[in-house]
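Presented sequentially are two complexes of subunit A, the first with subunit B as partner and the second with subunit C.
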Partner chain A sequence: MDYFLVVLLQIAGAVGNLALISVGLAVIFGMMRVINLAHGEFIMLGGFAAISSVQAGINIWLSMLVIAPLSVAMLGIVVERLVMRRLYGRMVDTMLASWGLSLLLIGLATTFFGNRVVGIAAPVGSFRIGDYSLGAYDFVLAGVVLVIFAGGYAVLRFTRAGLIARATMQNREMASSLGIEPSRVYAITFAIGSALSGLAGGLLAPISGVLPTMGVAYVAKAFITVITGGASVITGTALSSTLLGSINTVSTFVTTPVLGDVALLLAATIFLRLLPTGITGRIFKGAP
Partner chain B sequence: MKISRRLFLGGTAAALTAPWVNRGFAADDITIASIYDLSGGLEIYGQPIDACLDLAVSEINEAGGLLGRQIKVQKYDPQSNIQLYTQFATEAATSLQAATLFGGITSASREAIRPILSRYQTLYFYSPLYEGGVCDRNTFLTGSTPSQTIGQLMPFAVKNFGKKVYVLAADYNYGQISAKWVRDYTAQAGGEVIAAEFFPLDVTDFSAAIQKIQREKPDVIYTLLVGGNHMSFFRQWAAAGMAGKIPIVSTSFGGGNEHIVLTPAESNGVMAAFGYFQEIKSPANEAFVKRYHGKFGDNAPYVTEHASATYNAVHHWANGVKKANSLDRMAIIEAIESGSTVAGPGGPSTIDPKTHHCATDVHIGRVKDHSFEILESFANQPPADTAAVCDLVANPNDNQQYVIQ
Partner chain C sequence: MTFSAFSRVGGTHIALAAIAMLAAITILPGFAPLYTLINVTLYMSMGVFALSLALLWGYGGILCFGQSAFFGLGAYAYAIAAINFGDTTLAAVFAILIPALFAAGLGYFLFYGRLSDVYLGVITLTVTLILFKLINSTGGDAWRIGEARLGGFNGIPNTPLLTMPFSGIPLSPAQMFTLAAILLFATYALCKVLIVTRFGRAVIAVRENEMRAELLGYNAKRLKLAVFVISAGIAGLAGLLFATSVFVSPTMFSLSMAAQVLIWVVVGGLGTLFGPVAACFALQMATAALGKLGLVDPNIVLGLVLIVFVVFVPGGIQPALAALYNRIVSPARQSRTLEEVSR
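What follows is the complex of A and B.
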């Protein structure tokens, strides 16, 4: 019984983890159809920002929740202005440009931070369930993810800004003819997406260590989750990360981490075959 | 001038190969090659190895060199990429005509270049600790093998902590084969490996493993985790509140500076067995560490067993050259086989002619505040695992790696 509860909590943690690394990409890809292959590097830079500020003496929560997203958001604004602005609508070109950006960021990070793994200790302790000891940090992660998703849903559904964002996403020409400036919306959306990626990196630093090449592992999973989720940014990502995260965790517990990843990829393949436009292409269509 | 496409392609090819050809050596220097990862994920292993190689070469050069000639090292950095290993090994053996080659960090890279060096008849020294079993007359291996480290660590663990062992290992040849040795030596010591889990080198999420360990309740955990990503296990273990609850022993922890990168809360108490620790208190080691810091400064990388074994390897080669009084490969091999002992920093390292491995001292240390305190030492442990299957004196043409079943 205890073990069952532990597995359940692990599933929650894994789902939160997957949702966290995907939400930044969901915002950028889902809303602007920009394939940002540098997403993993934004996560990595968020991690380095958090670690650097902790090493400079700043409180760890401030570093992870404020400094990491802010610094990556600033980078996102610069990238959007210089690179992405010229490439909207050209999907293959954005892939190429963001791939080059990802290589550049890896090189720069290696030059300035070195190639060793750095980490910080998890800031919260552990607790016991029966015979098992679990880290409480997974709950912090899950909590932050819930806040982000709930907040994002509320903003998109109930506020004027969310309405403008959704309108621009669905029909750029119509939105601009109604007086909205799409380039500004895109810039702000890209910045928010980058901030979310930076936040993911900052939150993941205590549990997985930060290395300049760590982004590669994350970008694949994030893309799979976002595309399986479908067009809706919040609902789609939430549904697909729940599904894929549960399958991954259960398989890992039953077999090995390798087969857990295989199960995740297999599940994603099957889902995309059955629902080519993602989960929210059919179910919950039109939700934010 | 009209440049034809052929001319352009040829010129570009020539220009691109230019950096690889180094003409900076004096005509009568002895050229040796080294291939160690100095960048990329394996950099943390390669840096101290490279430093100790430099130290050994400079010591020999200062003492007058070999055969009246200075030694020059041509270094290659494969950037943690195995394809570059094979490329550089071929180049060192063919266009550079190196007298000998020191290289390889992971067992995978060693097995990639060993056949190449055999084919091109270039003498090869592999110095990091590994899973044992290589039987090849062209290769000398100066690192510790399972019978030396695991063979002492398992009786220590079973005697001090209990019979049930849970193994966590890296998922490639080193982890898989060493895990079999752990199973063997644990059984010999009266214990039992209740479970063994293997993790590819890019896994960072160990939460499932941590919960499984708590369900199985072992007496001691044996880790053969390699690389920066696997360090996350120790972070997550401490985050789950398990630090110090179950003793952890390892024959890989420390080789990648794990005890320095992790905080004391995450790493204190972990025990490791190696042929060398920088903290060994002996006159030879204290003098060595002093020379090392004198040459590289106080912030020089922590000296691991991989690094001290490389130092020993260079001196073994020098012994062979002096005894054979020539650079001929077979002459050096026979000279080393007739007896070569290096008074290394970890204790005397003696080459066993039948296996081309080294008998070395073995030490068990425990992490305390970013350094190791030595708990026990065992003198002159022979490479018994390889000796059980490999006899190069009887079968000089043997060329394979024996693997425990």
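What follows is the complex of A and C.
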């Protein structure tokens, strides 16, 4: 019984983790149809921002939840201005340019922070279920993920800003002829997406540590989760994280962590063959 | 061959490449130090790799984010086969066949599933990552194919050197250099000829407008699959050359390998063959020099180059230079040659 509960909690943790690392990419992709291959590096920089501010003596919660997203959002604004803005509508070129950005950021981070793992201690301890010990930090993560998704859903569904965002997503020309400036919506979207990536990096720093080349490990998973999710930012990402996170955890339990990752990627590939437009391209159409 | 056929395949270009190749193999081994010779051999293997993507992306219009999968597969297929057979000639054939077969399976899945550009990119990238992870986790004695230990993170340090067929004498670095130069030239010539054959024209037609090509009766899916398989075979050959010059390691599957080859094609010019090879040489030399100086991380340079080219020189170097040449040297020559039309 205890074991079952622990496995269940592990699955929930994996799902939350996947959702956390994907949501920033999902916002940018769902809104702008731009694939940001520097997403993993945005996560990495969020991690470094959090760790650097903790080392500078700032409160850890403030560093993770405020400083990390804000600093990456600022970077996102600069990137959008200088590079992405010139490439809208040229999907392949945006992928290539953001890949270049990814290499550039890896190089810069290696230069400034050195090619080694830095970490911080998790701010909360652990507790026990029967014979098993679990980190309480996982529940912090799960809580943050729930807040992000519930908040995101509410904003998109019930506010004026959300309405504008959904309108631009659905039909850019129509929205712009109704007086909405798409370039402004895009700039804000990119900033929000970057902030979410930075938040993910900040929150993951105590668990996985931060390394300049860590982004690679995240970008493919995030990428595949978003594509599997399909057109709806919040619903799609939540559903595909649940599906892929469960597959990942179960196969990790049955085999090894590496084969667990392989199973995740393989499952997503087969899934895309069956539903080329993602889960929300077929089911739950139109949910935000 | 009549003159018109000669000029149609770009015979002048092939002849120039042949002269460059002959000059390189007669002059360079004579005076260049061993270190340079081995390095240039490596660059040439990378040049073959660049050609594989230049053909697939530039002419087939298929953007493969995971070309390094075939590069690595070729190398591993060669190393495993050579260790097991004790003979490298047959193993070299495996280095081309295995990636081609793998591409045939993967390509069937991709093209017959009618996946669009972006998904194609995602899936090829994912497959590369899967292979990278799998190979990295094959440390220890449990993971072996026949006699060959896969070696996980360390790769296969005892990758056999290519030997002369029948005699079994390993090739010297100078001979390896010559072989690489010949194969680079041969691949270039093959691609050059391929794009003017009936098959090549049809592939280009599919790139330009898939639906129109299909309505004209061409089987677009089969054409894409075919060019994908050919490109994978070429990448496998590149992997073989690379592996015998250094050794087989999981980094051959890595994302940075996949990124590099894309950068060469973007910088050299999409839809050209010479450009990517030239860009490959130039960037390899630049990153090697930078690495030696230790001033800046090579990733910074590669990243900046990629961003600058995508944003400011989207056509790449070769078309930009050709345009410049046409404007300065021959402003009177207005008629487009067949060569340009074929791009």
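Basically, the second predicted complex is superposed on the first by the 288 of 288 C-alpha atoms of A that agree within 3 Å, B and C clash if a C-alpha of one lies under 4 Å from a C-alpha of the other, contacts with A are read in each partner's own complex, and residues count from 1 in each chain.
Quick note on the criterion: a contact is a pair of C-beta atoms (placed from the backbone, for glycine too) under 8 Å apart; a residue touches a chain by one contact, two chains touch by 3 or more.
It should be emphasised that the depicted structure is a prediction, and the values quoted were computed from it without experimental measurement.
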So, does A:L108 touch the first partner subunit B, the second partner subunit C, both, or neither?
second
Touch check for A:G89: first (subunit B), second (subunit C), both, or neither?
neither
Once the shared chain is lined up, is A:T249 touching subunit B (first), subunit C (second), both, or neither of them?
first
Please work out whether A:W99 is in contact with subunit B alone, subunit C alone, both, or neither, and reply first, second, both or neither.
second
Which partner chains sit in contact with A:V258 here, subunit B, subunit C, both or neither? Use first/second/both/neither.
both
Who does A:Q10 touch here: subunit B (first), subunit C (second), both, or neither?
first
Touched partner set for A:A268, first subunit B, second subunit C, both or neither:
second
What is the shared patch of subunit A, the residues that subunit B and subunit C both contact?
110, 256, 258
If you look only at subunit A, which of its residues touch subunit B in the complex?
3, 6-7, 10, 13-14, 17, 110, 115-119, 121-122, 125-128, 131-135, 137-138, 206-209, 211, 213-214, 217, 249, 252-253, 256-258, 260
Of subunit A, residues touching subunit C in the complex
35, 83, 86-87, 91-93, 95-97, 99-108, 110-111, 216, 220, 223-224, 227, 256, 258-259, 261-262, 265-266, 268-269, 272-273, 276
So in the complex, the part of subunit B that touches subunit A is made up of which residues?
39-41, 43-44, 171, 197-200, 202-205, 207-209, 211-212, 214-215, 217, 228-229, 231-232, 235-236, 238-242, 245, 257, 261-263, 265-266
Which of the residues in subunit C end up touching subunit A in this complex?
63, 109, 113-119, 121-123, 125-127, 129-130, 133-134, 136-137, 255-256, 259, 262-263, 266, 296-307, 310-311, 314
